[in-house]
Amino acid sequence: MSASIGVWLVGARGNVATTAMIGARAIAHGATDTTGMVTERAPCANLDLPEVDSLVFGGHDVQDGSVVETAERLAERNGIPDRATLDAVRDDLAVIDERIETGTARNCGQAVEELADGGTDESLSLRAIVGDIQDDYERFREDNDLDRVVVINVASSEPLPADPEKYDSIEAIERALDEDEPLPASSLYAYAALAGGHPFVNFTPNAANALGGLRELADREGVPHMGKDGKTGETLMKSTLAPMFAGRNLRVRSWEGHNILGNKDGEVLEDDANKAGKLASKGGVLDGILDEDLHNRVRIDYTPALGDWKTAWDDIRFRGFLDTDMKLQFTWEGSDSALAAPLVLDLARLLAFADEQGESGLQPQLASFFKAPLGVDEHGLSKQFGMLEEYVEVHVAQPTAAGMEDDD
Amino acid sequence: MSASIGVWLVGARGNVATTAMIGARAIAHGATDTTGMVTERAPCANLDLPEVDSLVFGGHDVQDGSVVETAERLAERNGIPDRATLDAVRDDLAVIDERIETGTARNCGQAVEELADGGTDESLSLRAIVGDIQDDYERFREDNDLDRVVVINVASSEPLPADPEKYDSIEAIERALDEDEPLPASSLYAYAALAGGHPFVNFTPNAANALGGLRELADREGVPHMGKDGKTGETLMKSTLAPMFAGRNLRVRSWEGHNILGNKDGEVLEDDANKAGKLASKGGVLDGILDEDLHNRVRIDYTPALGDWKTAWDDIRFRGFLDTDMKLQFTWEGSDSALAAPLVLDLARLLAFADEQGESGLQPQLASFFKAPLGVDEHGLSKQFGMLEEYVEVHVAQPTAAGMEDDD
Amino acid sequence: MSASIGVWLVGARGNVATTAMIGARAIAHGATDTTGMVTERAPCANLDLPEVDSLVFGGHDVQDGSVVETAERLAERNGIPDRATLDAVRDDLAVIDERIETGTARNCGQAVEELADGGTDESLSLRAIVGDIQDDYERFREDNDLDRVVVINVASSEPLPADPEKYDSIEAIERALDEDEPLPASSLYAYAALAGGHPFVNFTPNAANALGGLRELADREGVPHMGKDGKTGETLMKSTLAPMFAGRNLRVRSWEGHNILGNKDGEVLEDDANKAGKLASKGGVLDGILDEDLHNRVRIDYTPALGDWKTAWDDIRFRGFLDTDMKLQFTWEGSDSALAAPLVLDLARLLAFADEQGESGLQPQLASFFKAPLGVDEHGLSKQFGMLEEYVEVHVAQPTAAGMEDDD
Amino acid sequence: MSASIGVWLVGARGNVATTAMIGARAIAHGATDTTGMVTERAPCANLDLPEVDSLVFGGHDVQDGSVVETAERLAERNGIPDRATLDAVRDDLAVIDERIETGTARNCGQAVEELADGGTDESLSLRAIVGDIQDDYERFREDNDLDRVVVINVASSEPLPADPEKYDSIEAIERALDEDEPLPASSLYAYAALAGGHPFVNFTPNAANALGGLRELADREGVPHMGKDGKTGETLMKSTLAPMFAGRNLRVRSWEGHNILGNKDGEVLEDDANKAGKLASKGGVLDGILDEDLHNRVRIDYTPALGDWKTAWDDIRFRGFLDTDMKLQFTWEGSDSALAAPLVLDLARLLAFADEQGESGLQPQLASFFKAPLGVDEHGLSKQFGMLEEYVEVHVAQPTAAGMEDDD
């Protein structure tokens, strides 16, 4: 794809955003390979996607600081990126830093409000905030001569709105904006994107584009969008393992998941209000695959010594033939950001592609990327991969004469 | 299905065979449910399969003793079955005991020859042995008025033949029988079954029907058959997890599997010759899914204190984005026999069904049941489940008027 | 020791008490051995302790039902005891059932009050309750011609008193009794025992004899006593491992302990008030051994599928030479009652012995049995074992001429 | 201690040696702290030991290359040391490199002989080799004005001698040297040290000073020495946990230890001959603590992806009260070199101290440092720590007037 694509990251100075940008630029400089990117292997590698090294980055954040500083801290604390990679991309990150604007922390809960520098200007109306966001998107597009801007939310976890059903129609959303109801920031970013025709991805557990009124908006505007909550670690494992138990008719009686992590995301999740959304999307993945009377608990605890290395310990008790009680336990240790970042790039590419193809509304072929895929009931990973395969089969680029010559 | 089906178990006094028979009879008496049986849930539950409680059992073994004794020992050592279940089926097992014949331990390696009571009569020609086996199958069918006999090999692991390619044609097999070449017992049972038109399943890692000449024989005789090596524990996990790593473009660099178990199978596997086949089928499951340069080691150790409870510890190191090294470790603790037994019943039912449908040769829809599915390259569990789903979709019984009334 | 010893168990129909009584009687009948009993190996085996088979049991509980019923349930759900052992002791348990009286659930928190049958008679004064308890102890002694009665609290976890320092003197305790202040039931049982000259052990995390005024009472009355909270699983591991890290100058930065269990104790601990005491004694064991700035979290979750099998998963991060971050993770799976019960018998024997020797007050030689050993700062298991060894060395029976002849 | 101490490391370009030297120099430069050093905390911190930053290093190796290169490789592959630390010590290491001599690989087994550069000059007599070694020690002492040289063997694992009892007397050793019998290199280094009056430590599983004749030599020459095989990971855990099971009278039935590692030591241990010694000292630690009929297996496998990070997985099955089978599993992940290196420094200091005190022969107070402590039956870690504590109590420096002034 030769179009020029911009990727606007909400939460741009966070770990996931920064790691995604480091990776894209490191790939551009040949300083790392594309391991971990779904779009770089079959089936997606056959699509005519925008090149990773051509992606242009910008974004919002609410904390001062810079992407370079976040990158330094990640290198220092977790060793990812390593020094050589960081050196290779430092200048590029500094350029990106110029394109990061101050966003809004409105209705993000106390934990986020506390970390937001400059606070949240309570005197601004939601309409004014949304207007500012839209201006930021537009300026990014214009300044960088972009054909398309994909907006991806990788900001901190917010509390879920108390009554999301309230916002089930475009009208309800518009009224909420007019009347300064407590719409969370993620939904303001989503509204601004969808209303402006920008494809939108919600990588967080936040409400964002999950509200019915925003889905309606996307359909009306003909914009592709998807979410929510990137599936990177324990939940990825769950969606992989649960179908095995189901397919073998083994009855899972209890699934205990205990996550410990030590990064900023973990710190924000210490706040029970902010954690609620995460627990909801993590827990839900077993629904529909396993028995309903399953004892299913997820714990997320903040353990500073771990830094960005999340450790999940899961204990699964299942009953088999002749009432035999058996068990599986696993320990997953991954760098959360290194797992999430390549998916952010994948989603940017796949959503730009969908937009180019004129698709609009929810994009179910992307279900495998999310803990709680909007509009998709299937939680089994392999079946979700199958949806992506089918999509690719339909959309795979017909090799042009020129393309074939290139292969020589 | 109203046909009367016989299930002939080679290794009938072993743990897997005994547990399968206990389970079938316990289900018949309402003493347990069908948890663990693949055929009792979607999609297979929609097929018109023979009822579990109508299956008639018989078999070969080379050790003295009885199914009742094995059942007592299992109850004593592993608590499976529990006492109440054992009491419910003891009489039925005693009846089955009457139908168990002495088989052959020819070319089964030293470990098996040592446990065979009465030894292996070295004076018998292979032709004579095969003839005896065929007579046993026939008598079983006649004595019990059976429409169909499915032969399932659940005997001990044998050493693999030194040069299996030698037996790539029916002619080679026939000559080997004529000249008393060292064909393993499993292949003698398989030959006798296929030549006699009996569907055959190899649940063990043994050569059995995997020899090219026997596959040819099955095709010629129009008999359905499948194998090899039931996929019940660690390998089930591997075939579940490996596609996740592949689909996410995560590069698995090392997969260490360490199995400890304490039952008779474990004791036989102490012998390196007998273990070789098991290691081959356990190791192979990652091929074609993961990188070829993967460090892939499987260990199986005999630890008496565990009894039939096998514990597998797997340590998986994978590399992700930005060269990040991450890991997954799991511990699986299952009763091997309780995992295998319901699959034996599933396979009996599905093979009887295939035979009734007039199918012949290898049955790829059964790939998900096996560590090394004959004739199938796909090792990913979900895709294998998909093959079974598709098969069922094609074969699902059209509801008859009577059937629909039953639903009222 | 030829004296006749009674063991009065508060919480007699609970899992720990019942398992202790099953074990003692099974040993008496030769139906099991003494594995798990500290007093049956060096060094204690050299003391002249009361014989296990001579112990006479009685106790209090607040739930209806019977020890036989608890034993049946344990056999059914956890397989411990097995059927044969249960059969061997059923009649003895029925006899013990006759000696179980209704105790008090006063100030035990909502969770316990809900399970207490008949409720707590709120009209009774604390003095009246204590009087009833004392009468029960006395009648038990008289009816059974006992030389000595050891009272052991194995009742459910209670909430800790809001302000335990208030009860730092005998006078404060007496006043609290007079004025019906909210002294917890455990302290009422302890008061009754100590005032009556009965050695007392608190195997629970409850306040019981830990209150300063009760310690004073024990000293004044010359009664030996000890507590609190039996050290059986995860905490046993902690007190074993922490000294290793300390001795090697490895800096433990984080110790996460996640316990799941499914028995009645677990159900009561679901109530945060009742859980607080348990968490306090579990957490405290690392104090004084490891760094003070250690991140030390303990979670206890109720997971019905586990029954009495508690699973603890601990994740320990430590820093070594050259700032190297390393880790240890363990999974402990034990039957809580089978771990606790033999210690109850050990404590009964050792406390009867101490009483016979004329010792009084806290018994520090018993520190190794407790999560929070009263009056002992040393939490390292080996050092605590050393205290027991030294005690035995001092007290070991001088072989008499007769005794020496026995050895021939 | 103001004496000037030299530390001669056999295997100086190996991981353990290099990490020890990096650490000592990093401490000298204030670039790291002394975490992981036993001598830097109670009780040893009270002894008047040589300062870490005053230790002078030299050594033997049989591979070309340099300590700086090893350090670079360690930083690259394992991240230990980190770049900043490496930069701080690089020049010091380069100076040390000047003091490294070519040693002997005689009778070290094929795996070591293959890695030795320049091969083993088979024409040299053992007497000539020993003479060269002694010259190297002496020149090191003289060139660096050292009061004392401690020789520490941290070379690769060798095969054990076929018949070690043969070398039970000084005479047998002398004859073996005269007649060029296959004494392993480790014993040549040990002989040269002890005969020359240099304290000697064997940190490897090799025979070295364990031979009876060399112990006699040390006694005759009045030289302190100790070994063998540093206790750093899984075995440290075993010697910590086994006394817990024993003290609680829990019967360990099976202890499976599965170690995977990916460094050079692991590569050498791939060779079964070289592995035998390691397995012997790893296995032996449970002897004398636990039941003799214990099923006790240790596996060590080479897994390149792990580098210097060793992972041990242990599965322990134990039986408790009422024949209850329970289990403990642990996973230990440590950097082998970072665990071993500080102990090498500790041993150098403690042995220099012992030598200064005029002690000779085996040094049992150092038992806690070794998997197979020479002359000590006690394998329990805490009791071994106790031996060190007692030693320190006896030897603790009486504060001199000068010393007290220093504290001001």
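Which chain is which? They are A, B, C and D, in the order written, and residues in each are numbered from 1.
The definition used in the following text is that a contact is a pair of C-beta atoms (placed from the backbone, for glycine too) under 8 Å apart; a residue touches a chain by one contact, two chains touch by 3 or more.
A quick note: this is a predicted structure, and the numbers were derived from the prediction, not measured.
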Joint neighbours of chain D and chain C, given as chain labels: A, B
Inter-chain centre distance, chain A versus chain D - centres from mean C-alpha coordinates, in Å: 50
Distance between chain centroids, defined by C-alpha means - chain A, chain C (Å): 50
Junction residues of chain A - those touching two or more other chains: 329, 331
Chain-level touch network, classified as line, ring, star, complete or other: complete
Chain B partner contacts - residues on chain A that touch it in the complex: 19, 22-23, 26, 32, 34-38, 40-41, 80-82, 85, 236-237, 240-241, 243-244, 246-251, 319-324, 326-335, 338-339, 341-342, 368, 380-383, 385-386
Touching residues on chain A, where the partner in the complex is chain D: 79, 83, 331
Interface residues, chain C side, partner chain A - complex: 253-254, 256, 258, 260, 295, 297, 299, 301, 303-306, 311, 313, 315, 317, 325, 329, 331
